[in-house]
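In this document, chain identifiers A, B, C and D correspond to the written order of the chains, with residue numbering beginning at 1 in each.
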Amino acid sequence: MKHKLKEILDKNRCFIEAGNLPTYIPELSKANKNALGIYIVDLNGEEYGEGDYEYPFTIQSISKVITLMLALEDRGAEEIFKFVGMEPTGDSFNSMMKLEIVRPSRPFNPMINAGAIAVTSLINGSPEEKFQRILTLFKKITNNDSIKVNHEVYLSEKKTGDRNRAMAYFMRDVGVLQGDVEDNLDVYFRQCSLEVTCRDIAKIGAFLANDGVLLQTGERLIEAKNAKIAKTFMVTCGMYNASGEFAIEVGIPAKSGVGGGIMALVPGKMGIGVLGPALDDKGNSSAGVQILSDLSNLFNLSIF
Amino acid sequence: MKHKLKEILDKNRCFIEAGNLPTYIPELSKANKNALGIYIVDLNGEEYGEGDYEYPFTIQSISKVITLMLALEDRGAEEIFKFVGMEPTGDSFNSMMKLEIVRPSRPFNPMINAGAIAVTSLINGSPEEKFQRILTLFKKITNNDSIKVNHEVYLSEKKTGDRNRAMAYFMRDVGVLQGDVEDNLDVYFRQCSLEVTCRDIAKIGAFLANDGVLLQTGERLIEAKNAKIAKTFMVTCGMYNASGEFAIEVGIPAKSGVGGGIMALVPGKMGIGVLGPALDDKGNSSAGVQILSDLSNLFNLSIF
Amino acid sequence: MKHKLKEILDKNRCFIEAGNLPTYIPELSKANKNALGIYIVDLNGEEYGEGDYEYPFTIQSISKVITLMLALEDRGAEEIFKFVGMEPTGDSFNSMMKLEIVRPSRPFNPMINAGAIAVTSLINGSPEEKFQRILTLFKKITNNDSIKVNHEVYLSEKKTGDRNRAMAYFMRDVGVLQGDVEDNLDVYFRQCSLEVTCRDIAKIGAFLANDGVLLQTGERLIEAKNAKIAKTFMVTCGMYNASGEFAIEVGIPAKSGVGGGIMALVPGKMGIGVLGPALDDKGNSSAGVQILSDLSNLFNLSIF
Amino acid sequence: MKHKLKEILDKNRCFIEAGNLPTYIPELSKANKNALGIYIVDLNGEEYGEGDYEYPFTIQSISKVITLMLALEDRGAEEIFKFVGMEPTGDSFNSMMKLEIVRPSRPFNPMINAGAIAVTSLINGSPEEKFQRILTLFKKITNNDSIKVNHEVYLSEKKTGDRNRAMAYFMRDVGVLQGDVEDNLDVYFRQCSLEVTCRDIAKIGAFLANDGVLLQTGERLIEAKNAKIAKTFMVTCGMYNASGEFAIEVGIPAKSGVGGGIMALVPGKMGIGVLGPALDDKGNSSAGVQILSDLSNLFNLSIF
C-alpha cells in the first residue's frame, strides 16, 4: 500500500502547477505550494502515510463536517433543517444569490459558508463554550490533544472576512441567524483556523467511516444517523461546486478546505487525508483531487 | 418481503393527498391519482410486486438515465461532458437562469431538462434512428417487447412543450445543441412518453444495480463505467431540486418522472420501481418518496 | 391653485387604503397612516400648501439626492462613478444580486441602498463631519434651521439595519466601500432619520428645479451640472423599481422615501413635496403617487 | 449649424476605433465600419446633414419605438401593459433572467428584445398585415416611399435568431405571446431589417418631437399620449443597459440599434439621426454616443 501511495503522489505532483495558493486570506498564501501528502487510516487498524503528511495546515471548510455533527447532536436534525437546507446549489461557496431569490430565505446546505455559519451558531453554549466544545470534539476524534488555532490565520480571516460578514448580516435580517454577528463569526473563524495534518483529517475520515464510533476506544461520540447525514452532504456538496464532478470521477464522501486539505473516507473501510495547498478555480486542492481519483480507481473505492 | 411491501404501501397512502397531478402537460392530469404500486427485482432473481404495479404510466424524466447511458456509449464521457456539466443546480428542472449567467453556457447536468435534451441530441443517428435505438435499449433492459409511446401524452407534450423549446433554442444559440430543434425535441418528447409499469422501471433499476449487465442473459449492454456515471447522477441530481434531501432521507440512487414513477436501486442488490402519480411541489411522487424512505430505513439500504 | 390642490388631495385619499405602513423599521409603523399633505414652491416665489403639509416625517431615501450632490461637489463625477454606476436595476432597493453577478462589482446607481451607502462614504470628512455637512446643506436648502434627527427612528434603523450591513460588508469586500462599516452606516442611518415636512422637501425640489441656486438668496450651493445629474437619477431611478412606470404616468423628476414622502420638481418651474405614509408594494406612497399623477396631468407637467 | 456638425463629427471620428461591428448577425459585420453621419430635422422646417447621412443601414431596435406606438394605437396602453412592463432592467437586451425569476413573468419593457417581440405580436392584423401596417407607418413618418427590407440582413437575422426564438417560446409558455412563434418572429425580423438613412430616422425623431403630428402635413398619426409614452421609454430604456449613463451624459430621448443608428430628439425642437456602425460593448454606436453628447452640451439640449 505504502508503495502505491508513493507512486500516486509522484504521478500527480505535476498538478500542483495547475493550482494557485489562495490570496483572499493573505496568511494562506504563505503556505508551501509544493507540499504534498497523504495519510490513510484503515478501520482494521493499519495506518499508512506518504509525503508531507505531517505538514501542518489549517482545516478551513473541512471543519464544517464536524460542526454539523455537533449541531445535529445538540438540536436534532429536524431543528437544524429549519434553518439550513439540504440541497446543492451549483453556485460558489460564498454566493448569496439564492438567499435573495429563493423563498424561504435560508442557506441551501451546511457546506457553503452561509450554511456553515448558521450551523455553528446553532451549537449549544456561549460563543466561547461553542468553540471549546468544537475543539474538544476535534481532539477526541483525532486523538490529538495538541490541536490548536493558528493565530496568524485566524487574525487574517477575521480581518478579511467581510464577505462572511455580509452573509451573516443577511441571514440575521431574514431570521436564520440569532445573536451577535461578530461573536458568531469569531467562532467560525476559529474553527476554520484549527491547524491539522493529513493524519488528523484521516482520523476524522475514519471516524465517519466507522459511523461515529472512535476506532481506538469503541466509544460512540456521534449518533450513526448524524454521521450518515454528514457523509451524505460530503457527497452532494463536499467539494464546493465541483461536487458533482468529484462524485463521478472519484465517488467517495470528501470535504475539502482552502487550506489545501481534503478529508475523505470509504464507508466501513477507511479514512483518508490528503494535502496539497495549491487550489483549482473551484477552491479544491488541484493535486489532491487527482490523487484521490487515482486512489479510487486503483482500489475501486467508488460507492456508486 | 411481499408482506412488508403491503404494509409500507398502506402506511404511506395518506401522502397521496399532499400531492397533485401535474397540469402543465394536460394529458398527465388524467392519471388515476390514487394509483400506488411498487415492484422489486432482486439481483438473485426474486421479484416482488404490490399494489398497482401493473398500472401503466409514462416514463418521463426517468428516460434521461437511459439516454445518458446510450449517449455515453456512442460518444464517450469526454465528448458528452463538453456539452453538459456534472453539477447539481439547486434550481428547478426547467430553469434556464444558469444557462444565461454561468460561463461557458451549457446545461449543468444531464438530469435537468436542458441537459437531457442536449444529451439526446448527442445520440448517434438520424432523429428516427435515435428514437429507435432508445426504444430498442428500453425493450432489452426491461425484457418487455411491448413497450411503446403513449400517443396522447406525446401529442400533449409536443403541444405544450414551449419551455423546452425555449431551452433548446437557447442552447442552439450558444452552440450546445446542433441540428433542427423540433427534430431534437420530437425524439425527447417521444422518449418521455414511453409507457411503462413499476415492473419495467424496477428492471431498469436492477440493470443499473448490476452495473450494466442484463440479469436474464448476463449480456453486457452498457459499460460498467457508464452505468456508474448514470447511478452517480441519480444520487446528486435524480430527484430534481430535492435530490439533496432524498440522499439524506433515503440514500439510494433514484430518478423520478412527472408521470409519478420513481426508478431506484441498491447497488449490487436490487432494482425498485414505485408509482404514485400525485406529485409534490418539486415534481416527485409525494407518496413514492415516503415509500422509498420507509423501505430504505427498514432494510438499511442507504449507501452512505 | 390652492383650490385645485385640495380637490386633488380629496380625490386621492381613497388610495391610502391600498397602501401599508412599513414594518421592517418598527418605528415607521407608528406614523399616522391617514396623514396626507402637499406643498408647492413656485420658482417665482409663490408657495401653496394643502392638507397635512406640516406633519413631520423622516426623509429616508429622499436624502440620497442631497448626499449624491454633496459627494459630487466633494469628489467630482468622474471619481464618484468609479464606485457607483448610473443604471437602473429593475430590482428592489435592497437587492444585492447584481453586486454578485455583474462585473465589476459595484452598486448600479446611487438611489438604491447599496449605492447611497457608498456615496455617503465618499463625502469628505470624518463620519461626524460628513453628517454635519449633510445637515448643514439640508438646513440651507430648506431654509429651516430646526431640522434634526428623529432619534427614535434613527435607533430603530440602526437596530434593524442588518440588510444594509450585509450590503456594506459586501461592498467593503469588493473594494467599493472603505473605512469602518458601522461608522459609514451610522451616517447613513442619521441622514435617513432627518425629520422634515412637505414644505421642507418642496424647498429641496425648488432648489433642484432652480439648478442648485437658493431661491431666497440667489446663492449657488451646488454646481448646475451636479444638480442635473441628481435630477436625471430621480427620473431613471427615483421611485425604486417603479421609476419607469412613474416616468410614464407622471413624467417629472421625483424621489420617494419609506417615510411616505415624495420630493418632486418641474425643471425651471417648481418644487413639490407630498406626504402619505401608507406605501405600495414597491415602497412608494400609494396616495402620493396618484396625487402627483393628477397634478402632472392637470397642469401638463411631464418633461417628455 | 452645418459647420458645427462637421466639427463634432470630425472630433469624434476617433471613437470608431473603440467599437466593433456586430458579428452575431453575420450580415451586419459587412457594414462600412468607418461610415459616420448625422442629420437634423428642425421642427421649424430646417434640415442639416453632415457626413454619411445617406449611407443605408438597417434600423434594428430603433423600430421598437414605431411598433410600440402602433400597438398602443391599436390596443390602448392599458391592454399593452398587461403583457409588457414599464421598468428598465439593468440587464442586457437579450437577457431572459427576469422572465424566470420575477412574477408575474412578462418582459420588463418594450425596448428589450423580449418586450419588443411581445409588442409586435399585439399589433392588429395577420402577420403580413402587421408588417404592412408597420411599413406604411414608417413610410409616412419618414416621407420616404422607397423604404424596404434589406433582404440579406433579414435572412441573416432569421437564420441566427435562436436567442429571440428562445425568448418567444418562453413568453408563449407563460402566456405573454400568442399565435405561431415563427410568424411573430418573422414580422419582428422584417421590421428590424428595414433599411434607412440618418435622414429617415431624423424624421422619426422630429415626428416624436412634434408629439405624433407629421411636420410636412400637420396630420396626426399617433395620439400625443402614445408619442409621450414612446419618448419616455427612449429615456429610461432606449440605449440598452447604458440608458442611465446616456441620460446623464446626453439627457435627450434616444433609441439605438445594432445597425449603428441612433434616433434622438429634443421635445418640441428637433429630430436627430446619427450613424456609426461600430458598436461599444453595450450595443450602442461608439462614435454616435459621443457625437450626441457633444451636440447636447454645445446646444444645451438636456431635458433635465
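Convention: contacts are C-beta pairs under 8 Å (C-beta built on N, C-alpha and C of every residue); 3 or more make two chains touch, one makes a residue touch a chain.
Everything numeric here is computed off the predicted structure, so don't read it as measured data.
Asker: Starting at chain B, figure out the least number of steps needed to reach chain C through touching chains.
Answerer: Step count on the best path from chain B to chain C: 2.
Asker: At the place where copies chain A and chain C touch, is the share of residue numbers found on both sides over half (same) or under half (different)?
Answerer: Same; most numbers are used by both chain A and chain C.
Asker: Relative to chain B, which chain's C-alpha centre is the most remote?
Answerer: Following the centroid criterion, the farthest chain would be C.
Asker: Just the number, please: Cα centre separation of chain C and chain D in whole Å.
Answerer: Distance between chain centres: 32 Å.
Asker: Report the inter-centroid distance (CA atoms only) between chain A and chain D in whole Å.
Answerer: Each chain reduced to its C-alpha mean, chain A and chain D end up 54 Å apart.
Asker: In whole angstrom, how far does the Cα centroid of chain B sit from the Cα centroid of chain D?
Answerer: 46
Asker: List, in ascending order, every residue of chain A touching at least 2 other chains.
Answerer: 101 - these are the residues of chain A that touch more than one other chain.
Asker: Residues of chain A touching chain B in their complex?
Answerer: 85-91, 98, 108-109, 228-229, 231-233, 235-237, 241-245, 247-248, 251, 253, 267, 302-304
Asker: So in the complex, the part of chain C that touches chain A is made up of which residues?
Answerer: Residues 95-97, 100-101, 162-163, 165-170, 172-173, 181 of chain C touch chain A in their complex.
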